[in-house]
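Please find the structures below.
Shared between the two complexes below is subunit A, which pairs with subunit B and subunit C, respectively.
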Partner chain A sequence: MEKILEIKNLTLNYYTSAGKMKAVEKVSIGFEPAKITAIIGESGSGKSTLVKAILQILPPNAEITPESEILFKDKNLLQLDKEALRRFRWREVSMVFQNAQSGLNPTLTIRDQFVDTYLAHYGGSPKDAIGKAEKLLNLVKLPATTVLSAYPHQLSGGMKQRVIIALALLLDPEFVILDEPTTALDMLTQAFIFDLLEDIHKQMQIPMILITHDISLAAKIAHAIGVMYAGKIIEAGEIEEVFTRSIHPYTRGLIKAMPSLKGDISSYSPIAGDPPDLFHKPSGCLFHPRCKYAKPLCRETQPELIEISTGHLVACHYGGEVFGD
Partner chain B sequence: MEEKFLVTEIIVRVNNVTIEFCREGKRFKAVEDVSFSIKQGEILTLIGESGSGKSTIGKAIIGINKPSSGEVYYKEENIFSPSFHWTIEKRALVQIILQDPYASFNPLRTIFQQLADPLLHHKQCKASDVKREVAKLLEMVTLTPPEYFMEKYPFQLSGGQLQRVSIARSTILKPKLIIADEPVSAVDASLKLSILELMKKLNQSSNVSFLYITHDLATARYFTGNGRILVMYRGRIVEEGLVEKIVKNPLHPYLKALISAIPVPDPKEAKKKREINIKDTEEKEMPELTATSCNFLSRCVYSKEICTTMLPQLVEVEPVHRVACHLVKKEERIE
Partner chain C sequence: MQKIFIIFKILWKNPRAFAGFLGLLFFLLMAFAGPLIIPLDMTPKYLERFLPPGSKHILGTDYAGRDIFMQIVHGSKDIIVIAFSTAIISTFIAVVLGIMAGFMGGWVDTLIMRIVDIFLTVPHFPIMAIFAALFKIKHPFFLGVVLAIWSWPSLARAIRSQILSLKEREFIQISIILGMGLPHIMFKELLPNIIPYISINFINIAKNAITASVGIMLLGLVPLSVTNWGMMLNLATFQTGAIYVPSALSYLLSPLFAIVLLQYSLLCFAGGVEEIFDPRLRKI
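Take a look at the complex of A and B:
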């Protein structure tokens, strides 16, 4: 399958006062056109860093190693100059940031924020920008006239998140990144936002990346999934394949640790232990200290991500074997 | 003596509590006529969206929010009565775990200092034993080896680890009730269950009651087990019952909508089209509440004439299952 966006061998380090931290380590993953791919993982797993690398909106202490490549329609994004990047951002790939509460400028009206974004990345006249904004606000089911003249604090969390989604679609991007679009929102609001995203995707067929730590949200909307742990992709594939035939003990643990309204509550079980300290990553397989199946080999060698069946990738030494439960 | 024993079974009783706040120059009721009681060893869950008043009640129980009418009783004493005095013993009775652990610890002091202070101040142990006691607390919440965590500052721990420290801290004074106000909503999905399980174990081992405040019905179902759940909507309790029963057979239109909105961790099931029968209006667009109509009116898709003229009261439809909705009739219930 052809890929619209491809990350190859991406390694990204942060330099901090406590030393060098490998936030993303040799990650390769491709994204197909017209599909939604979920990247799931806990905080510190590198999922947000990964997508920030695509737009290159990383903090100054981040360093991408020279062998890394991010290909979007055959151009390497890591080699774009400042001006090319400015034209690329938002027009080709846009992003819905996490935390709607701080994603908007509190001192500008929603109208100004639409106009500013339009002029900065596209040009044209403010009138065009407002016309486009009105259309998009209707698309996200907001009353355009009242919302455009409002300041962010006059809108509720759910409304702000809708504004941010409309803003991400302002320049007809070819790719949209959703970074935890519903954290801190209520369940009903979350459900409506996800219905909206589903509708938008159906209408426009825009490929999307959904970053989340909630595996149920991935199940709801995504076609493909990549599971990250401590800076590495440890399992990836079609969503149904990964859910029904998950292999990596971490993925299996995540699915079991997700409380829902279905099933016996005694069938849930938490994942033991804590996420690893990224400054002192464990030897061998990064998950081995928390893995109940770990064997001596897991402590010594890091497993490679290998294709176990068509399109289903797993990084586990014992991936081919079926675990006891 | 025996009589007294029976009475003390109820630890905290909230009686017809109404709490008002001022916003943009107008008074509004954050909590309206809410009553419930918590028994020794019970897990009670308060669920609702933001602004429903669930945290406001939690704060009323520890004496922070003063009700404009109604009472909060610790055993038989009204904590808002002028004759009530907050003694150390009474403060110790109810403890709270807050949502954001980073905001509920002093960032400049180590974990050891922050756990040792209350132990010493409340004379829970001798100064020479304090290190051992802190180690015990950390071990209880599976932060091992404890010596490693004692010397850390809050920012050096992950959200899940720090939340476990706040659970440990809440047990220092051996409270009868712990209010857990959204304890896992800032914690990663993979760690939520382990934190809830920790609190469950605490409940079983020391018989401490929990008031679990949350907006997440799935974690509520896991944590509440066979306990009761109270569903709040805009300041009022709209439904109350045993958690398993309520999830299988919700009666109030709000709870029905909420249940249909919860994602299922199964891609086939989750992608099926589902109806959420509620008006998709945001909080900011909602009309003011009146005393003569249902609080849920502006979002209800089933509303009838009576809903605009009368506030529904909480009525029992079957044992331990109460609902405040005009459209739920007893006879419909039985079929």
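Take a look at the complex of A and C:
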């Protein structure tokens, strides 16, 4: 399948006072058009850094190594100049940020924020911008006229989140990145937002990346999934495939750690241990200190990401074997 | 139009600010419409010296038998022009330099902050007094300019530190990513967030300018006109010895009282200004 966005060999280091930290290490992943791809992983697994690299909104102490490539419709984003990058952001790829609640300027009405964003990229009259904004606010099921003249503090958390999603769609982007779009919201609102995202995707067929650590929400709306661990993709593929035939012990652990409504509580087992220190990564397979199937080989060499069946990639030395548990 | 209506509604709900607003309105009317109603008549009438307040002279008369209220009315324009020209000029300088220093950082920040340091360490009042005397100021606006030169630095520094924290907030980061352009971010995104703070400081600077200008005139360094409140105080204390003449008490107290009233109006009004500019504080 043809990819709309492709990350190739991306390595990204943060320079800190404690030394060099490899936040993302040799990640290659492709995103197909008209599909929602979920990227899941624990805090600090590099999932946010990965998508920030796409928009190039990294902090100044971040460094992308020269052999990395990020291709969007066959142009390398890492080689864009400032002006091209400015046009690329939001118009071609837009993003809903983590903590989007604070992404709205508290002293401007929602109308002003829509109009400013629209005019900064397209020019034209404020009328066009407001027309577009009304359409999008209706799409996210908000009463457009009331919301447009409101200030952010007059909206609830869920409403703000929906405004932010509408704002991300304002410039008709070809790709949307959602970085934990439901943090700080209650469960009901989370479910509502995810239904909404599914709806929007059905209507607009817009490809999305969904960053989350909630594997059940990912399963609900995504078509493909990538599992990150300590800065590496360790398993990726179609969602059905990964969920029913997960191979990497970490993925299996994540799925098992998901409490089920109907199932027996005793089968619920969290993954033991802590994620690795990114300054001092373990040798060999990054997961081996927590893996109950680890063998001497795992301690020595790092497994490559290999295709195990069509479209299903796994980085595990014993990926082909089925662990009996 | 709708915005003006909202402002009135906010003021109406805040009695203190509303009283301040009325006081301010009263002084503005006095300054700009008063002289048209009450003509200035400074011819000495020695028969009517030091009359106590009464029906013919609301605040009594001065050492030459001239109505004090008339002088207060004619003096108010100078005070208001000085207060507001100082406040407008110094706030403008402080906002532009403060936002630039905070947002742009680097050598721009260093340069602006060093200039601020110099202005802050120089003793203001003596320098202002010397400046005022040196330039032989004839128009109240220029006294405002002289005062403004020394009034902006602390506000500029305070704005800089507010911008430093604001620019790390997500909505500013997002506008940077969106490529909104420097002027847009500085004046459309950042400025509204500090407007409440700026407006309160604007009023503070105006208040301080009144005090400073009256002080300078009390010392007789800028003899603008005899009706000026500071000059009236100067004449009352040094020329007529009003402190020792009980019947001249009104001549001494009237300008003082006018100054206090104007300052207090400004202070009360400042409490409502924050609500006008910060939508989060509004009760409506």
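Basically, the second predicted complex is superposed on the first by the 325 of 325 C-alpha atoms of A that agree within 3 Å, B and C clash if a C-alpha of one lies under 4 Å from a C-alpha of the other, contacts with A are read in each partner's own complex, and residues count from 1 in each chain.
Note that a residue touches a chain if its C-beta (ideal position, glycine included) is under 8 Å from a C-beta of that chain, and two chains touch if they have at least 3 such contacts.
Here the structure is a predicted model, which is why all the values come from computation and not from measurement.
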item: Room on subunit A for both subunit B and subunit C (clash or fit); value: fit
item: First, second, both or neither for A:57, with subunit B first and subunit C second; value: second
item: Subunit B versus subunit C as contact partner of A:90, first or second or both or neither; value: second
item: Partner chain in contact with A:120 - subunit B first, subunit C second, else both or neither; value: second
item: Which of subunit B and subunit C A:309 touches, first, second, both or neither; value: neither
item: Subunit B versus subunit C as contact partner of A:42, first or second or both or neither; value: first
item: Touching partner for A:103 - first (subunit B), second (subunit C), both, neither; value: second
item: Which of subunit B and subunit C A:153 touches, first, second, both or neither; value: second
item: In the superposition, subunit B vs subunit C on subunit A residues touched; value: B
item: Distance of closest approach, subunit C and subunit B, by C-alpha atoms in Å; value: 7
item: Set of subunit A residues, in rising order, touched by both subunit B and subunit C; value: none
item: Residues of subunit A touching subunit C in the complex; value: 55, 57, 85-87, 89-90, 95, 97, 99-100, 102-108, 116-117, 120-121, 151, 153
item: Subunit A partner contacts - residues on subunit B that touch it in the complex; value: 49-50, 158-161, 188-194, 196-197, 215-219, 221-222, 225, 247, 257-271, 276, 278, 280, 282-284
item: Contact footprint of subunit B on subunit A as seen in their complex; value: 42-44, 141, 154-159, 186-192, 194-195, 213-217, 219-222, 239-240, 243, 253-255, 257-262, 265, 268-272, 274-275
item: Touch list for subunit C against partner subunit A, complex; value: 169-175, 177-181, 184, 188-189, 192-193, 195, 278-280
